[in-house]
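By letter and in written order, the chains are A, B, C and D; residue numbering begins at 1 in each of them.
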Amino acid sequence: MARSLDDLPLRAALVDIAREFHARGWMAGTAGNLSAREDDHHFWITASAKPKGRLEETDFILVRVNDGEVVERVRPDNKPSAETSIHRVLYALFPEARACLHGHIVEAVVAADRAKQGAKGLRLPAIEMIKGFDIWQQNPKIDLPLFGNHLDVARIAGDIEKRFRKTPPAVTALMVRDHGPTVWGAGLQEACNRFETLEYLLRYQARAR
Amino acid sequence: MARSLDDLPLRAALVDIAREFHARGWMAGTAGNLSAREDDHHFWITASAKPKGRLEETDFILVRVNDGEVVERVRPDNKPSAETSIHRVLYALFPEARACLHGHIVEAVVAADRAKQGAKGLRLPAIEMIKGFDIWQQNPKIDLPLFGNHLDVARIAGDIEKRFRKTPPAVTALMVRDHGPTVWGAGLQEACNRFETLEYLLRYQARAR
Amino acid sequence: MARSLDDLPLRAALVDIAREFHARGWMAGTAGNLSAREDDHHFWITASAKPKGRLEETDFILVRVNDGEVVERVRPDNKPSAETSIHRVLYALFPEARACLHGHIVEAVVAADRAKQGAKGLRLPAIEMIKGFDIWQQNPKIDLPLFGNHLDVARIAGDIEKRFRKTPPAVTALMVRDHGPTVWGAGLQEACNRFETLEYLLRYQARAR
Amino acid sequence: MARSLDDLPLRAALVDIAREFHARGWMAGTAGNLSAREDDHHFWITASAKPKGRLEETDFILVRVNDGEVVERVRPDNKPSAETSIHRVLYALFPEARACLHGHIVEAVVAADRAKQGAKGLRLPAIEMIKGFDIWQQNPKIDLPLFGNHLDVARIAGDIEKRFRKTPPAVTALMVRDHGPTVWGAGLQEACNRFETLEYLLRYQARAR
């Protein structure tokens, strides 16, 4: 096992994460998508409809940040997922983001159901685990940005871009209601640690009375 | 690990699924049964009373779709399970079905308990994960077909046949109350992905308020 | 992997079960004990205070059924657990029992909490999974025998013996309140399958509304 | 696999525990820290910010009990975690403690939420599993020491020291609210067994009605 996910080749690290997240129930069937920045202008992302428990290093496409063009397909039949647009927006907005992980988590959806219809944020619980997002406050009042789900994923991506351009998020994460969280980080290991941190926070929230 | 379950020999793939589902608690003890179509007229199915966490490629029988005749037993003492009749009905009704997976899931039973006595369907939650069944609608109103459980399994199979002949299901899945889901697909990987998808949807439903 | 637990040497099979049950959270720390009949008059049982996630074939003692005498210790410092007396009673009462498994399961304790104080049985849910106990009825009304927990384990063993001598149990299992289930079977695989079956039934009961 | 965690080199044992606890969701991301006493005056403890699912034997520092001085860093960039102060207090107070394990457990936080604001203890459930703390009473009334969480970890350590100097705890464990449990033992295996025991007790408490 590599010391850190950042010591692995990008796609090998993403395969590791996919198999682990699938085993934990966070990427059921083909759900979710994972990406990592290859260079300032491109990122590798899982191709559409790949079973996440059996992901391989060939199941990726290389996408250009500025226009979403697919510049490489490891296998010729790899297709981009609609959700690629969300990853693209995040890489464009946050140059420091090197990896971006999106899964589907039952308890995250349950926790988000507690927020009012149309709410722009979900107040995260002020428990110790929030330090996983580098928040060092005694009684942190931190909101996880919440977005509505739309069949047209480009609309979600647009909402994210518009809101974050105006109001940068307090955490490197967002939640799409009825759907799931997306977490990014300055490296693969940081993104993965924070994904686990957010899952813990939302699992607590879903169970707390 | 094979790229896809469809790259494995049929029974090897079913063994993989059985051990995975057992580990997840979806095939406790000997519960559930898994099948895959060998050709248009026959399917392999797990023999009765095999512990699913220790399934082997010898634990199968080959059954004829049109009359349920056992045409091959990998081991001479392999016996057909009563639930073979449900698989047979599904292969007969849906020529495109190549694999059929039936497990017992606590949270699926809990979710189905919320439907009224005698209800013919359980409205699935309109969350993102429903796309795993190739449903692309903004606010999908999709019912999972619900059937009553009977000691006489042939009666369940008959109910399924009668209902589906008249009203094809909106998803390639059904739920027998107090019992568990059955999911089929155009291949082993698709059936497995959709089984995981349904488990997620029903787990959400069991936990949502 | 062996085809069936019954194809393994007795203690190797018990070690397999212990590691699996520990991983599932049913034998936290050193909790629980597992036994298998060596012959009509003796059974192997886990020695006291062994961590179940690291059990080995040397962590057993051989006990005589009729008087509880320890006739062999694989390691000289292996000590009998107080709960050996419960296993002894069950082997004495049921000559067909070849294996006996006792774990501690949070959801079993939660389910049993629903029974009235002093109740002698917990009505098992009439769901399909009950067939794992070879109960083939349309609406089974089966009670899992319930016993009160006592610091003095010999008293629990005595209660079991007295009650079962008069009223044999409807299932090859019992539950000690605030403690956990004990399940036996005509072989190691059957005992293990039924333990998983009971866990499923009680997990359902703990979650059902 | 070693017979007991105490048969392994100290740091190898801690690595084993970290990977296991991470897999169980008790050390999400980099959360928690684990230590073992090297000799009467020093203990090895996980360095700050290491992902616990990928911990290695180089991810440790050696700390002096009496003043908290870091006397060895396996890697030069290993930094002490703020929570080292809590481990230090426990080793200073309890010379028999050889290992000390701290994790973050959703259900422990949920269980502690049931205690009144400012409560100094959480009454543990009087169920069989409490024997894992060597408590042999028919109706034990045992309180798990509860402490408030503070951004300034030294303050938590100070509270623990002050309270325990006056009132030694009834169990070798404590809980910091909104945070997680810390468990110690006379050896690595005992500490690990008791951590699992406490997790079970608090999971029960979080689910019981």
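In the analysis below, contacts are C-beta pairs under 8 Å (C-beta built on N, C-alpha and C of every residue); 3 or more make two chains touch, one makes a residue touch a chain.
Nothing here was measured: the structure is a model prediction, and the numbers come from that model.
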Rotation angle for the CA superposition of chain B on chain C, to the nearest 5°? 90
When centres are defined as mean Cα positions, the distance from chain C to chain D in whole Å is 31
Quick check: how many Å separate the C-alpha centres of chain B and chain D? 44
For chain D, residue numbers touching 2 or more other chains are none
Chain touch graph shape: choose line, ring, star, complete or other and state it. ring
Go ahead and list every pair of chains that touch. A-B, A-D, B-C, C-D
In the complex, chain B touches chain A at residues 1-5, 20, 125-129, 132, 136-138, 189, 192-194, 196-197, 199-200, 203-204, 207-209
Residue ranges of chain D touching chain A (in the complex, touch as defined): 25, 28-31, 51, 53-54, 56, 104, 106-107, 109-110, 113, 149-151, 176, 178-180, 206
